[in-house]
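When the chains are written out, they are named A, B, C, D and E in that same order, and each has its own residue count from 1.
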Amino acid sequence: MTATTASTGPAGVSTSGETWGRVAAAGLVIALVIAPFGVYPVFLMKLMCFALFAAAFNLLIGYVGLLSFGHAAFFGTGAYISAHAAKVWHLDPLLCVVLGGIGGGALGVLIGYLAIKRKGIYFSMITLALSQMVFFIALQSPFTGGEDGIQGVPRGTLFGLIDLNRPLAMYSFVLVIFLFGMFALWRIVNSPFGQILKAIREHEPRAISLGYDVQRYKLIAFVISAGLAGVAGGVKSLVFQLASLTDITWQMSGEVVLITLLGGIGTMLGPVIGALIVVTLENYLAALDFPVTVLIGGIFVACVLLFRRGVVGEVEHAMRKRG
Amino acid sequence: ADGVKIGILNDQSGVYADYGGKWSVEAARMAIEDFGGSVLGQKVELMSADHQNKPDIGSNIARQWYDVDNVDMITELTTSSVALAVHELSKTKKKIDIVVGAATSRLTGDACQPYGFHWAFDTRALAVGTGGALTRAGGDSWFFLTADYAFGYQLEDDTSKLVKQEGGKVLGAVKHPLNNTDFSSFLLQAQASQAKVVGLANAGLDTTNSVKQAAEFGLMAGGQKLAGLLMTLAEVHGLGLKSSSGLVLTEGFYWDLDDRSREFSDRFFKRTQRMPNMIQAGTYSAVLSYLKAVKAADSKDPDKVAAKLKELPVDDAFGRNGKVLANGRMIHDMYLFEVKKPEESKKPWDYYKLLSTIPGDKAFFTAAESGCPATK
Amino acid sequence: MTTIFGVPTAALYGQLLIGLINGSFYALLSLGLAVIFGMLHVINFAHGALYMLGAFAAWLALTKFGVNYWAALALAPLAVAILGVIIERTTLRRLAGLDPLYGLLLTFGLSLVIEGMFRHWYGSSGQPYAPPPQLQGGVNLGFMFLPIYRGWVVVASVVVCFATWFVIERTRLGAYLRAATENPALVQAFGINVPLLVTATYAGGVALAGFAGVLAAPIYQVSPLMGSNLIIVVFAVVVVGGMGSIMGAIVTGYMLGVLEGLTKVYYPQASAIVIFVVMAIVLLVRPAGLFGRGE
Amino acid sequence: MQAQNTASEPLLEVRDLEAWYGESHVLHGVSLDVREGETITILGRNGAGKTTTLRSIIGIVRKRKGVITLRGQDLLALPQHKVARAGLGYVPEERGIFASLSVDENLSLPPKIADGGMSIADIYRIFPNLEERRNSPGTKLSGGEQQMLAIARILRTGARVLLLDEPTEGLAPVIVQRIGELIRTLKTQGYTIVLVEQNFRFAAKLADRFFVMEDGRVVDTFATTELSARMGSLHEYLGV
Amino acid sequence: MTAPDTILQAQGLTKEFLGFLAVKDVNLSVKRGSIHALIGPNGAGKTTVFNLLTKFLTPSSGTIRFDGVDVTREQPAAVARRGLVRSFQISATFPHLTVLENIRVALQRRAGLATQFWRSDKVLRQLDARARELIADFKLDIYTDTPAVDLSYGRKRALEIATTLALDPTMLLLDEPMAGMGHEDIDRVVELIRKAAVGRTILMVEHNLSVVSNLCDTITVLQRGEIIAEGDYATVSENPRVREAYMGMEEA
């Protein structure tokens, strides 16, 4: 399109875009810091869990071009492991979350190894099918508590000092993990590694011929994404004090796709905005006499047809057009 | 806060949407109207939400209701996993919940808590009704089709225990995956076992599909009896008598039991075009009982209301000889029914033949037996 | 009594036959998916919902208009096909040329809408639908009691599958379809009406789902949820078969049906995941699927 | 009303054609005309817009403005699948061989739009390589074989106006010669040919007239007879 | 056995596609530092030989030694890392990366800036100087920040060769690098290849005989998967079999 626009930085991000990104990120942090004084903290914590989950998912779809339709498997695994670690082993909450991330990542190695053998839509179907298998295993294994899930997960005391049953302490804990996760993703995307991911997405045989072992790159990205999804799941299980099958169903995988699509695939802020919209909607719709799935489905259709770039993507596009 | 707020939390769009669903909301509304619409001079408000059978959505809604909306009591709570989650939450929030639609006896067993109640039925009662009474009536060899998850195992275990207690035999069981669609393979195995009774230790669509396919494969025609361990009028209605006739099941309520049940059910029918099952009627009873307890306690204070709930007898269109045990279990009579043949059905919704009545104190665990730590 | 691994052979025959019956549904559905994917590069996530619609169409036709099973067998797929035309013309068409993932997402959304509506209107506990009088009852095969209707399902699906295969692989129309899959603009530049072809293919593919739905109605409860669980298994079938070939979809469908049937005998708990396990193994050994031609 | 096809009236006419890829404006008013039986060559550097011009004529590029007529019929107004049926055959730059079709199927894919096309037997006589590989999948052919196939399949359809986009690209000299002969034969049979070429020497021997494009415009036109006189300016345009 | 001045040696290389022998018992050795051409009629198997050498295809039989190492069983990316790099016959660029980024992707690996996901991509700026040099060599300067997708066919080819050169490979395999290029470009690319060949070995497939004749030291002619002639241009072009099978009657 614009063949010779000036002032593109090394990663192809225009400098003005970069500034805007900084402003938006700072705005987000400030908003999240003051929000719990006005908004129901549990709602905000849920929002952050889903935003982080979607952002992890977005690493794959947005930057490697792989649509995983089975990301709930990692989210759920993270949730179960963290919940188990907290409830049965009574570990430090932070350690629980870390273990959740490791669990998600480990599962990511297994599923990723199989799934990245195929591309595009096949990849999506394979992740979907494998995650369904994980679902069945979760349903049947005694460790997960089957239908009932792991209930009454204690939030615990961070470093043996901070009691996370205090809402604000818990909120801060979640906020810090969330920001850490988002920063990690941002760093990865804008790193030399991220650049190679983009190249692979664009033309895989060419990347091979340049000497890149593309399977390895994809697997690394997959595992990072799965690990962060596990972290999100782990946090969620502490926030709600519950890890359940919901976290691991394919509908959850669909939901994270929706969040990302709605917010804007391949944008840093998209998953956050998407999560905000979806979580809010779900909260309010549950009280209405209107089938939730119809509305969610309708939003899906509308997104795909009308604004594929998502909210953030559209805004960015509009700004780029103007300036 | 002003007003007494009651929340109905259940599945309104999923597999159990007919089983309780918005009909339960209607039943609760009837209870409030019957009570007069207000208590302690405060208006009674009703809220409802769809938990989509997901414990996290359920507990999230409940959390908000308790934290933000000042809801005083949550009821219905179809689906055991959600019920358990909300039960746990109610304990920490010190709020009252009355579970109607969930089956697991753990609610008043190891998961019991001072503010939690369990109203219409539980796995124990179903097992006693179907397993015990049916075995006594001659169905003394069993084969189970069990949904392969905790709830299925619990139903199977509870029932087999009673079957054995009554001198019956369990010839075998086959575990099928949850949300299975085709049961023919399992039904062939059930057929081959030559058990007199094939027990369906599953729920929702799994149950209806197995009933339908059992008819197709001529299970009942071959002389075997089919026992639905968790079925209600709503599922029978959905299946039609052609597929479900001969099926044996236990419910805590039937619209055509007596004048009180008919009177209530007729009013319910006028509003909803369907007859209530035990979940819906149970929700009516739960709400009514709660309001009575609030009135008797002259306060919304959960400790006082809980004490009153355990003190007052339950006697309404749903509850016969009902009383609440120390562990929160409401006990009342249960009934073993057989589904009529199409030609025996005289009028719409005329589906059940009463086989026997199981008195409340036989149907349920006593507080001591229940395994509730507080009442051991 | 002879046994194989502790299961009487007679019972085994029964289970094999039942596996074949279930395989019929897998074959019909994965075939429809394969046809649509081949042409539109869309993984039709709505396939399960349209299968459900086929069943509902039959049920509605019977209860509201007294249309019998045989008429429904023709009319319901037609109705689904018409809906397919509408879906294709109003939505999918606008995604042509975009990443196929958008098609997946769109149809995913559509399936939520369709299922949600039906759930809202008809609840989820399911509606009864009796087999036609001609096909009621069963025959005793010695090793099992075979409901006549189930036998009919196998016959009908085999016929329909192979007719579809013939049209696509052995006729000129099929060549157009395959070519247009790769480079629609060029095929169009040769003077072939590709948009029409695309619409017809989608309609045809979903009609197969509708047909499967009608076949399923007398066996399973006609319920809004009947498709959503099936669809993921069918995806796995498609991956195992490899999307490259129509025949692959058909053969794999039957094969996995039988395999699943056997699992139900030997290790019933695993029957829900056996197909996924097979999928994992196939991916390790032959990433393109059993019949796939690679990428 | 019947359009008259006298020698002076163009068979294919493009006037003030503008075209876009998405938002980028690629053609800025291309005008050319081809008379019946004539072979013209469009020359121009990489990116001049030659391919885009052909694509606009055949309708693959949809976003365009201006006039394109064939035998007086307005091609811009036609839906895409009707353009070819007006009598056009198109050989795309990147060959467009279908991987999932065999050579035979590729060959018989484009529907016949008029009588008088070649038979499959004729075609295999011209391209024996293809016959040898007739049952193998189209894209398993070598690059050159694919190019032959792309030309061959158009000859079957009976189209009398051919749009050839760099038909000699990647071909061995022998094959280039054979294609040269083929085009000459087609000329004697009265085909009208629009040739886009980088291989100037090849084109010089075939064309009746030349159009030189630069930056989405036609900047020069001349007949073969003027060729030697024009070599100087051509050198400037093309670096030949 | 490999002579020290032979960088690439293929022995008995054979490839069969479902009963079709595309490459038959080809013995090819390429001298270090030479520009070697592989020519032959269409469908002779040139691209297939390339695919075999770079391991994009697995040989049915035969061995390949590169730089003294047997690479017959290696993965394509590993072969590339050894310094044996190819370009594609049908152009291959990263369409939505800019020209600069395209070239940088190639530079990244050797600079050790590929898997570092914890560092900022600002570190990649250190590669810009070299990248811009290559861009200038190929006269793509004004397109430095243009996405590759917006380039014309010919410029994409130029970009592709520039990208390949960025890897600073020991040996370059070029599959019809001139296809689709204008005359001016061809002369320039010939010069670039000549420049690139200093200290490198190049094996190329090319149909443009004038390019072959003035660029290449050794020419191997392939027909129907078999080598029919080998030698310098003069020798080969006199060979009657080559004339008949490839060059035709007249000079092109």
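We take it that a contact is a pair of C-beta atoms (placed from the backbone, for glycine too) under 8 Å apart; a residue touches a chain by one contact, two chains touch by 3 or more.
As the structure is a computational prediction, the values presented were derived from the model and not from experiment.
Between subunit C and subunit D, the least number of touching-chain steps is 1.
Compared on C-beta pairs in contact, A-B and B-C come out with B-C as the pair having more. In this assembly, the C-alpha centroid of subunit B lies 74 Å from the C-alpha centroid of subunit E.
Averaged C-alpha coordinates put the centre of subunit B at 36 Å from the centre of subunit C. Between subunit A and subunit D the centroid-to-centroid distance comes to 51 Å (mean Cα coordinates, whole Å). Subunit A and subunit C have centres, each the mean of its CA atoms, that are 32 Å apart. Multi-chain contact residues, meaning those touching two or more other chains, occur in subunit E at positions 150. Taken residue by residue, subunit D touches two or more other chains at 24, whereas all remaining positions touch fewer. Within subunit B, the positions touching two or more other chains are listed as 13, 148, 177-178. Residues 12-13, 22, 47-52, 54-57, 59-61, 63-64, 67-68, 80-81, 84-85, 88, 104, 148-151, 177-178 of subunit B are the ones touching subunit A in the complex. By the touch criterion stated above, subunit C contacts subunit A in their complex at residues 37, 41, 43, 91, 94-95, 98-102, 104-106, 108-117, 119-120, 232, 235-236, 238-239, 243, 269, 272-273, 275-277, 279-280, 283-284, 287-288, 295.
Listed in rising order, the residues of subunit D touching subunit E in the complex are 24, 45-48, 51, 93-94, 129, 133, 136, 140-145, 147-148, 166, 169-178, 198, 200-201, 238-240. Interface residues of subunit E facing subunit D in the complex, by the touch rule stated above, are 17, 20, 39-47, 89-90, 150-155, 176, 179-185, 187, 207, 209, 245-250, 252.
Of all residues in subunit A, those touching subunit C in their complex are 61, 67, 69, 114-115, 117-122, 124-126, 128-130, 132-133, 136-137, 140, 250, 254, 257, 261, 291-301, 303-305, 308.
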